[in-house]
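Input: structures, listed below.
Paired with chain B in one complex and with chain C in the other, chain A is shared by the two complexes that follow.
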Partner chain A sequence: MECVFGLVGDGFAVVVADTSAVHSILVHKSNEDKIMILDSHKLLGASGESGDRVQFTEYIQKNVHLYQFRNGIPLTTAAAANFTRGELATALRKNPYFVNILLAGYDKETGPSLYYIDYIATLHKIDKGAFGYGSYFCLALMDRHYHRGMSVEEAIDLVDKCIMEIRSRLVVAPPNFVIKIVDKDGAREFAWRESIKDVGAPTA
Partner chain B sequence: MKLDTSGLESFTPFHGGGNDLCGGFSSVPSFELPSSTNFDDFQKKAMQMVKPAKGTTTLAFIFKEGVMVAADSRASMGGYISSQSVKKIIEINPYMLGTMAGGAADCQFWHRNLGIKCRLHELANKRRISVTGASKLLANILYSYRGMGLSVGTMIAGWDETGPGLYYVDSEGGRLKGTRFSVGSGSPYAYGVLDNGYRYDMSIEEAAELARRSIYHATFRDGASGGVASVYYVGPDGWKKLSGDDVGELHYKYYPVVPSSVEQEMTEVATS
Partner chain C sequence: MSIFEYNGSALVAMVGKNCFAIASDRRLGVQLQTIATDFQRIHKIHDKLYIGLSGLATDVQTLYQRLVFRHKLYQLREERDMKPETFASVVSAILYEKRFGPYLCQPVIAGLGDDDKPFICTMDSIGAKELAKDFVVAGTAAESLYGACESMYKPDMESDELFETVSQALLASVDRDCLSGWGGHVFVVTPTEVIEKTLKGRMD
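Up next is the complex of A and B:
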């Protein structure tokens, strides 16, 4: 039921993930952020088993930071993606991590890029991709409406179309989604799409 | 009969060890529906399958004044009630509480271990550990034992420098920060009452009553929960036990027996 999808536009890449933390039939939380900001210009959207998701993505984040501290320059998106895939592959035959990842980044030399890394350490560089049951609905929709060099407005419009499709067609559709974007100005949260607002503590 | 819903089924670690690895990956994760001869039995079996396995009801929520933590006190082994007086709220240190759901020994041991680690942190750093830090310590320990059969579904509730904190940590390695959680086989029932009655700005008495009521309703419907509903409050000065009421007595308090007017009294039929 976890949906993560993303696409590359003109000078930016966007990653969208649902925000529900589910345990069998119980929804423990509907505002769980599954897209990690790896460093200033990288996003890591992950879906899968809850323990693995947090532990593995934090491990990748800390190692990416370590490289930057040691060498004084940040990793490129391609290098980060290959490192992530390498870690998944090494663990695969012993103690596999059940996490599917979409890694988006912006490099000054090569521009925006998106990498598809699944739980058995497959790595593909892609323009658009999706994981989870939502992918059955999103992929065809994205294939139909995507074109190279979309603007932010066009891309978010396509993202909203995908979210609406998931909400209306998936039997146990997640109510809320988070959208994060990465471009030359960095990686940041773009918007939330909430249909159920959690009654929580008011923000200071 | 197979209903292909891999989202409902959490990823189970590969069965049978390494040689089974390829087989585990190739099969589509699916939700086995129980097979039985009659419909009523099927319904009961299907419900048993989706209900959280840990036989208990615990809950905790953050509100304006702090954190309210409540739990039942029944221990069950299948259909046998082994104890009605289990302490399911564990005192990690004077300002942090942990709740127990799952294996009693696992919870008690690892909470005690967490208490030790928290104290060591205090001694080494000359300041109290935060709730975030304590829950992360526990989550990392449980993650390292992933797949080895630990059964722990716990909430770490406490008050630190940043205010009230509440985390849900389980033996699959998951850790969630939140404002309202309920864990155990009675948790769906408790969630129903808790979600509906919750407001952020409640007084301590109102919050305690909401917690007590939620536990009571869960024990009413769930066979694996019962005994005594304990309610603890965690405030800026640490935790304090507010009440411990037997749920049987709570039942008659909430639904007092109304002497109903007798409509027709049985009388002896006069024999002629």
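Up next is the complex of A and C:
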């Protein structure tokens, strides 16, 4: 039951994802990072089929880097979102990727933005969005508490409310979440919300 | 649920006296869940030609990009805008190209042709054109729209009356369809101006 959600605040965008890697009834690990840092000012939070998720997001990341190497300037968030949608749309009728994506970015000219990209390549620019079973709880909470121009504290408070709701109301709730933020200073990890800590592998 | 009802949509185009109106709802959903309430279904091809696309949102976006590309090439080669009748034939051909793996969209085309004579048409997802002299409808709310338009339509309405009629018909119809709604977006196009208005209806 993968959950990814995100929202746009005052000069920043935040993306949150659960961190459990699940195969049928088995939890392989609970610290899997599903939010990829595409470049200095972009985040790609992805949920869906694990193989497709890793392969597709790495493919997008490498192509974003390639554009920067070739052209000397980075892609805008809108351009990266449209490129991602194009790749999903082309693959849709051949070999579809079952990955849902929330792409957050910060551009100097246009500020923070968040894009919703479905696995069937539906693209839409949004202020708040969510994927997965967690979306049934998160979207309602965000509709109630979200407003334009939230500060980081207010946004993280809303994010924590969403995480608590998922933990208490979703039957197979993921225990741990990672929060990443992107603003004028770049894309970075903001915090983890862990209720189960993975024990490291014992050394020989 | 049919794949045409995956995202939800409502489109209507009506002919008036030397003008036309094209209107759509604003909901973007994924089956029962609403993702956004500001989705744009009607796009401008040129000043006197608009196309509305209903159906699966990803194909709406892909098809729109292909049509804009074709029209821009036409403009470069012919050094003029496409006539609405010609554009309708192009759309029909593009849709039939994918006869055995179609774009899951139903377009509604509205334009001012030679001598600013209004032209409207719709087609199914494989390009069967349906020309009409009064109004055309498409989307999940199509049956309701047929009824509303049939009762409210009068020939040779001026632009103000046409705007009122098309707005009332749209809002009345989407209120009976759970998959479309969340307001409306209306364009009324006369030879001299384009009036674009957003409607606020039942926001559910």
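Just so it is clear, the second predicted complex is superposed on the first by the 200 of 204 C-alpha atoms of A that agree within 3 Å, B and C clash if a C-alpha of one lies under 4 Å from a C-alpha of the other, contacts with A are read in each partner's own complex, and residues count from 1 in each chain.
To be clear about the criterion, contacts are C-beta pairs under 8 Å (C-beta built on N, C-alpha and C of every residue); 3 or more make two chains touch, one makes a residue touch a chain.
Bear in mind that the values here come from a model prediction, so they are computed numbers and not experimental data.
Superposition of the two structures on chain A leaves chain B and chain C fitting side by side, clash-free. Look at A:A191: by the touch rule set out above, it reaches neither chain B nor chain C.
Of the two partner chains placed by superposition, only chain B is touched by A:H28; chain C is not.
Contacts of A:F98 after superposition: chain B is touched, whereas chain C is not reached. In the superposition on chain A, contact of A:Y136 is made with chain C only, not with chain B.
With both complexes superposed, B is the one of chain B and chain C in contact with more chain A residues.
Using the contact criterion defined above for the overlaid structures, shared-chain residue A:A89 touches chain C, although it does not reach chain B. Contact with neither chain B nor chain C is seen for A:V152 once the two complexes are overlaid on the shared chain.
Look at A:A78: by the touch rule set out above, it reaches neither chain B nor chain C.
When the two structures are aligned on the shared chain, A:T122 is found in touch with chain C, with no touch to chain B. In the superposed model, the vertex angle chain B-chain A-chain C (Cα centres) comes to 120 degrees (nearest 10). After superposing the two complexes on chain A, the shortest C-alpha to C-alpha distance between chain B and chain C comes to 6 Å. Residues 93, 120 of chain A lie in contact with chain B in one complex and with chain C in the other. On the chain B side of its complex with chain A, the touching residues are 5-8, 10-11, 14, 18, 21, 25, 50, 52, 62, 139-140, 142-143, 146, 168, 170, 172-176, 178-179, 181, 187-188, 191, 198-200.
Put simply, chain A touches chain B in their complex at residues 1-2, 21-26, 28-29, 32, 48-52, 54-55, 93-94, 96, 98, 120, 132-133, 171-172, 198-202. Chain C makes touch with chain A in their complex at residues 7, 28, 30, 33, 35-36, 39, 56-58, 61-62, 101. If you check the complex, the residues on chain A that touch chain C are 85, 89, 92-93, 116, 118, 120-124, 126, 129, 135-136, 139.
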